[in-house]
Amino acid sequence: MNRLKLGIPKGSLQEATVELFSHAGWKIAISSRNYVPAIDDPEIECLLVRAQEMARYVETGALDAGITGHDWVIETGADVEELAELVYAKQRLSRVRWVLAVQEDSAIREPRDLQGKVIATEIVRITGEYLKRHGVTGRVDFSWGATEVKVPQLADAIVEVTETGSSLRANRLRIVDTVLESATVFIMNHAAAAEEWKREKADSVILMLQGAIAAASKVGLILNVRREDLDRVVGILPALKKPTISMLSDPEWVAVNTIVEESVVRQILPRLKAANAQGIVEYPLNKIVL
Amino acid sequence: MNRLKLGIPKGSLQEATVELFSHAGWKIAISSRNYVPAIDDPEIECLLVRAQEMARYVETGALDAGITGHDWVIETGADVEELAELVYAKQRLSRVRWVLAVQEDSAIREPRDLQGKVIATEIVRITGEYLKRHGVTGRVDFSWGATEVKVPQLADAIVEVTETGSSLRANRLRIVDTVLESATVFIMNHAAAAEEWKREKADSVILMLQGAIAAASKVGLILNVRREDLDRVVGILPALKKPTISMLSDPEWVAVNTIVEESVVRQILPRLKAANAQGIVEYPLNKIVL
Amino acid sequence: MNRLKLGIPKGSLQEATVELFSHAGWKIAISSRNYVPAIDDPEIECLLVRAQEMARYVETGALDAGITGHDWVIETGADVEELAELVYAKQRLSRVRWVLAVQEDSAIREPRDLQGKVIATEIVRITGEYLKRHGVTGRVDFSWGATEVKVPQLADAIVEVTETGSSLRANRLRIVDTVLESATVFIMNHAAAAEEWKREKADSVILMLQGAIAAASKVGLILNVRREDLDRVVGILPALKKPTISMLSDPEWVAVNTIVEESVVRQILPRLKAANAQGIVEYPLNKIVL
Amino acid sequence: MNRLKLGIPKGSLQEATVELFSHAGWKIAISSRNYVPAIDDPEIECLLVRAQEMARYVETGALDAGITGHDWVIETGADVEELAELVYAKQRLSRVRWVLAVQEDSAIREPRDLQGKVIATEIVRITGEYLKRHGVTGRVDFSWGATEVKVPQLADAIVEVTETGSSLRANRLRIVDTVLESATVFIMNHAAAAEEWKREKADSVILMLQGAIAAASKVGLILNVRREDLDRVVGILPALKKPTISMLSDPEWVAVNTIVEESVVRQILPRLKAANAQGIVEYPLNKIVL
Amino acid sequence: MNRLKLGIPKGSLQEATVELFSHAGWKIAISSRNYVPAIDDPEIECLLVRAQEMARYVETGALDAGITGHDWVIETGADVEELAELVYAKQRLSRVRWVLAVQEDSAIREPRDLQGKVIATEIVRITGEYLKRHGVTGRVDFSWGATEVKVPQLADAIVEVTETGSSLRANRLRIVDTVLESATVFIMNHAAAAEEWKREKADSVILMLQGAIAAASKVGLILNVRREDLDRVVGILPALKKPTISMLSDPEWVAVNTIVEESVVRQILPRLKAANAQGIVEYPLNKIVL
Amino acid sequence: MNRLKLGIPKGSLQEATVELFSHAGWKIAISSRNYVPAIDDPEIECLLVRAQEMARYVETGALDAGITGHDWVIETGADVEELAELVYAKQRLSRVRWVLAVQEDSAIREPRDLQGKVIATEIVRITGEYLKRHGVTGRVDFSWGATEVKVPQLADAIVEVTETGSSLRANRLRIVDTVLESATVFIMNHAAAAEEWKREKADSVILMLQGAIAAASKVGLILNVRREDLDRVVGILPALKKPTISMLSDPEWVAVNTIVEESVVRQILPRLKAANAQGIVEYPLNKIVL
């Protein structure tokens, strides 16, 4: 039987990824004794691989495809295809930035101030190219972790990943520049992408993952409205998708069913009520394919 | 920009309040390093404040509004407006009672037996007024906690808060009287309530919180029924809200969609089935504004 | 008032059972201080009882009814009625197998190789009958637990319960034969089953539990489709239940609402999209009675 | 090489036993993956076995020796030798009692009131003989655990183990009689006890375990005293062992070094000080062989 | 029988106090179900009481004696005797300071800058007197906790307890002044202190507690030295207590046994070695009464 | 003031190192908010640094000295002085081996079978030189962790660190060869080692650490013996150090005090007893400098 060998990122992305697959319809069971997770789909074979090593193992064909960060694709210089971005809206799989940061009171104000300085980072290659791009030379040290506490004792500056900047602020660091933006990506090697079955399987996995991602930040709204108030009510709803208007047994009324971003409900719900909408109900969603 | 300074109760109500806001559409992120929680609404500025201190800080204007217990509004004697009760039905934000309790075998049987006795409590002022109301004098000691274990060694009676009475029973205490009933309330000071923008913002927050509270104990029911059975089926449904009856492509059938208390489903579902309802489905809700 | 005395299985099934009742509409609160759980239904009185002891206490009338494993009904030889199987699909209440297992490299290949051997098990009676059925004699030792580590030092073979076999594999055991298949069952004694009120109460509890079990593995799908594509779209949906087709205000379109197994969504969703279905939304369910 | 196959009791005694061996000079490492603990003595091979099953496996020779309760030796009727009691003074390995207990307000006041009653217990055989001894007949049910909550719904009385009685009191049970006193014992089968090497090895293990047990409740005391005060000081010291009196370079003084129960230090230390002892120092001990 | 009713401080001091009593020779067992701890001395009856409430309950005679902070004795104004300070050197029972603190960039530089300001604190009375002493008036608010996060939103300054100042620094607060120094004290009311038996019992408890406290920061040192090097070696030892010099069977050598602060060992041990001391051994102590 | 900048290894060695310093007489307090640990010695300034990065930062002078593994000194090729090995006997700071390991059933039997293979390891440089030494070429991949699960899917062999081999066996790996033995070392750069004050400070820290290490596996033994039995008793004691023989007031007896490995006590204690030694007491030690 055909099987897609798929790398699941071990570590910080792991839990969010397993949860995303769960919402998308696949149960991945990771045993503490075993790094080959079980998945309830005989057409997929999972392997837990560090995000940093994923692109390399996809490139060499040890894996057909994998989920990792765009940053590590660039850092490893692996020649793979990025089939899709997976920007999970709530917490984890969101975009991140690799930033150049220094101590709050450092004299370093812009990239060219790095001349002759020591920079600690996990992404040595990208940082080296960044220095070259700015025409400066400096020592780039590979950091095994806890990079943000290396300044000023062990390094003059760092290049570190951040989602909200709060860990940098807590360490009293100042962001000088953004070196790279990155998001979670679904990657595949050229050979696998050229096999029809594997490519289709990958596309259907991506469709479901994106359906789950889309649903995570959205909710369903149902409400009843008199035909005479319908235009006003529909005018309040965001234009994300045309609402479904159902006929009720009482011909003066219709039911409106629509999908909206959860974060706008608190803005439109008072207005819907003011527009005479009745029986407004918000309900949760699992997946959306509009 | 306009901003509502809103006090979130720290401590026993904290988790339930954050969860309630989450259901209502606001994410409040409380960091262990910081008592100024982040909220995803630029028009609100949160501050974690003890329920006991909330009313005072709202009264003096350090906060525009806050969520606390009615009991602490009374105890502190703060001059604030209670805009709404937030009776969360399931677990935490429900009503509580402050009760006068004594050891199971105590001779104290009614309030006037308190003459000359020592009463330990966190609500010294309310208890003092309670004694006065019953025409007795006694020593009221402020209790820093663990009040229910103070009898009989350290106090003759206590005035303590209870939801179900189980902690009192576990300590072999007997309830003599109810001193005060209390619920969670949304309070605001007069100045803020008089500002149109702040009052409207508060009202829309309350609308959403109450929408989430209402949804927590309710579920949606959908079922299909032949037109000839419709009256019988609708007759079984509670009169909470007129059900929505949709026309189906098969003209002999209609779909009924309604909202009911979750706790009554186990009573009506067998009867709906007996009345020939088909494809009965119960689904969860996020918010309801009827 | 009439009351059903119902045994809730303490131990490994306990948490799953309480959760199942919660989905079915009953809150069971188990205090660490008390083995009489509180339930929010005055017509039911719960008692926590080990699954192994349940059938005996139902038989003698100490309980009217109980939830336990079919295996323990057989092992204890209790004369009770099994009113329903409760095969909870996701995790815990699924079917289990009691298997005869030996060390990977054991010479025991089939049941008759057990002649003269020592077998450790928690189900001494069933195992004894199994040996008799295969015409062999051996010593059957009652095992107080950790049965799977008894071979080879303390026993030649074991009869042990397994859901997925993973614990057996981790202990390098090989399954020789299945001794008994078992599922969770709702049992009642003859006297209680003959009382009309108790029997009806039990039936309505079973109806709700099965409604919650059915919903746990299923989801709702709503989608909009042009009338001309309707047959193609409906053809893709599994025949679990005829979909509900609602009329929309736009007469060229209809809305299709149906219930499907969650595990098939990942197969049919790409095909629905290819068949021009629009606005496909998957939503969660609480209970289903088809 | 010769090896002693030694059973370590799994479960409630396990942690205390491993700690006792540690104090006695053996490190036992129990892995969560493996029930054959590693021990840093090539002459011993450990196996984790339930206390309830220990005597049987020692009797049949699957083990040479084991540590278990005297109660389970009696209950299983195993023909083994009890080489030593291991009464660990502080917490766990102390003596326990199996008691007949009933609800506080039960009519059962003495053993003969058990006629025709249901008794739940883990020690069915001992309880049966106890009933016979008192000339009564009753139903003795094997209890899989949580025995103390079986009265009054499931049993009229229980026979349960207790160290301090606090769990019984917490369940509002009243002790009617003591059925059996028990302590932890070191057992060996006759064949192993007859082998000189194994018996000597067992004796030396017992010597060390008892040395560690003796040390656990005792401490060393050193003090300096003038020769003229020596008799008075020595008179205060308990007669556990003659104190060691050392000559100091200052001929007027001697040093006294002795071993006492830790619990008496608080009584004698004020008196030693009053008797002019100087530089009193209490120090901890690992092992004692007096 | 005579009994000393002794209050044990519940909360932050509780664990350190129980451990101190354990080192002193008393086992105090605190059950989660019961606020009357068990103690293995029939002459003592313990009660868990908040440090803040201790002095009051000792004053009124509900307790004979108690362990609390000197600060709470002052704050409550209770008329009790402080029999002894218990300055536990390592972690918990050390001296603490109540300090006046403000935000790092506050304009408040000295006490008189507090005129008209709001000060939040748990010690309202002491703070009020402090203000009076400095001739300023301000509002002193009772703080229910988390005082250090009240500036600047809810207060201009705080009076808060600190051991090392690290929590203040983490909240970016600046210490302006010390309001009160405090240590743990053993208190007794006048009536109990006047009873000979109670006073003696209290004194002997204090003796043992102080013996354990003294031992906690000290260690024993034993070393062998030739008589010709003795003066030099003894000259290196701190003068805490004259060392004990024992005669050995080899008349050219003596053994030196002494007690030193653990923290000086790292300084003197290299020097002892240089002075030809041999076989230097450091060993732990339980209690010391010099 | 002079200060030694000392690197403490962050991560797996961290806890053991802090505990070792505690035994040696220094309290190191690591806050979760800060990577500059506090140490109670004004002459030392600590910095938490990964073991992998330690040698580099000591070499460049960012640190004067540090504690790390000999392996990482070699891997980084840093030019530093190894002043002492710190072989902590019990658990953590013991020697480790970097081994070449393959799957149990791999065809790789000796180093030269690695020709053309993929080897995953954290020590890329050492592994490269190892391959060169054996005259083979292969691809050496840097592994970010979880190296032992990379065979066979992602690598043919690994070079991984092991203490007992148990993790390798649990992953069904076979050890082919030892690549490097390593222990924890105290390193210093040439400049710091040449400064007299820093070198002396380092030596005294090492002396105390080694004193604590030596004590961890040893215990003190005291016993009384008649002069006539002295030679026999002393003959049983290991020759680790000549025992101290003290004169007692009873001239027929002497006291013997000696230091032995804890692991030999269980062997010699029965023999000491047989040789008429009396009052044998084993006591714990903190530090030893023989």
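Labels A, B, C, D, E and F are assigned to the chains in the order they are written; within every chain, residues are numbered from 1.
Just so it is clear, a contact is a pair of C-beta atoms (placed from the backbone, for glycine too) under 8 Å apart; a residue touches a chain by one contact, two chains touch by 3 or more.
Everything numeric here is computed off the predicted structure, so don't read it as measured data.
Student: Could you run down the chains that neighbour chain C and chain D together?
Tutor: none
Student: Counting hops between chains that touch, how far apart are chain A and chain D?
Tutor: 2
Student: Turning chain B onto chain C with a C-alpha fit: angle in degrees, nearest 5?
Tutor: Resulting rotation angle: about 120 degrees.
Student: If I average the CA coordinates per chain, which chain comes out farthest from chain C?
Tutor: The most remote chain is E.
Student: Looking at where chain A touches chain F, is over half of the residue numbers used by both copies, so same, or under half, so different?
Tutor: same
Student: Would you kindly tell me how far, in whole Å, the mean C-alpha position of chain E lies from that of chain D?
Tutor: 37
Student: Centroid from C-alpha atoms only, then distance chain C to chain E, rounded to Å. What do you get?
Tutor: About 58 Å, centre to centre.
Student: Could you pull out the residues of chain C that touch at least 2 other chains?
Tutor: Counting only residues that touch two or more other chains, chain C contributes 33, 170, 246-247, 283-284.
Student: Name the touching chain pairs, please: which are they?
Tutor: A-B, A-C, A-F, B-C, B-E, C-D, D-E, D-F, E-F
Student: Quick one: in the complex, what on chain B touches chain A?
Tutor: Residues of chain B touching chain A: 24-26, 31, 33, 40-41, 203-204, 207-208, 211, 215, 220, 241, 244-247, 254, 257, 259, 283-290.
Student: With touch defined as at the start, can you tell me which chain F residues reach chain D in the complex?
Tutor: 166, 170, 219, 222, 224, 246-250, 255, 262-263, 265-266, 269-270, 272-273, 278-284
Student: Under the stated contact criterion, what part of chain C meets chain D in this complex?
Tutor: The touching residues are 10, 33, 35, 47-50, 52-53, 56-57, 62, 141, 143-146, 149, 153-154, 170.
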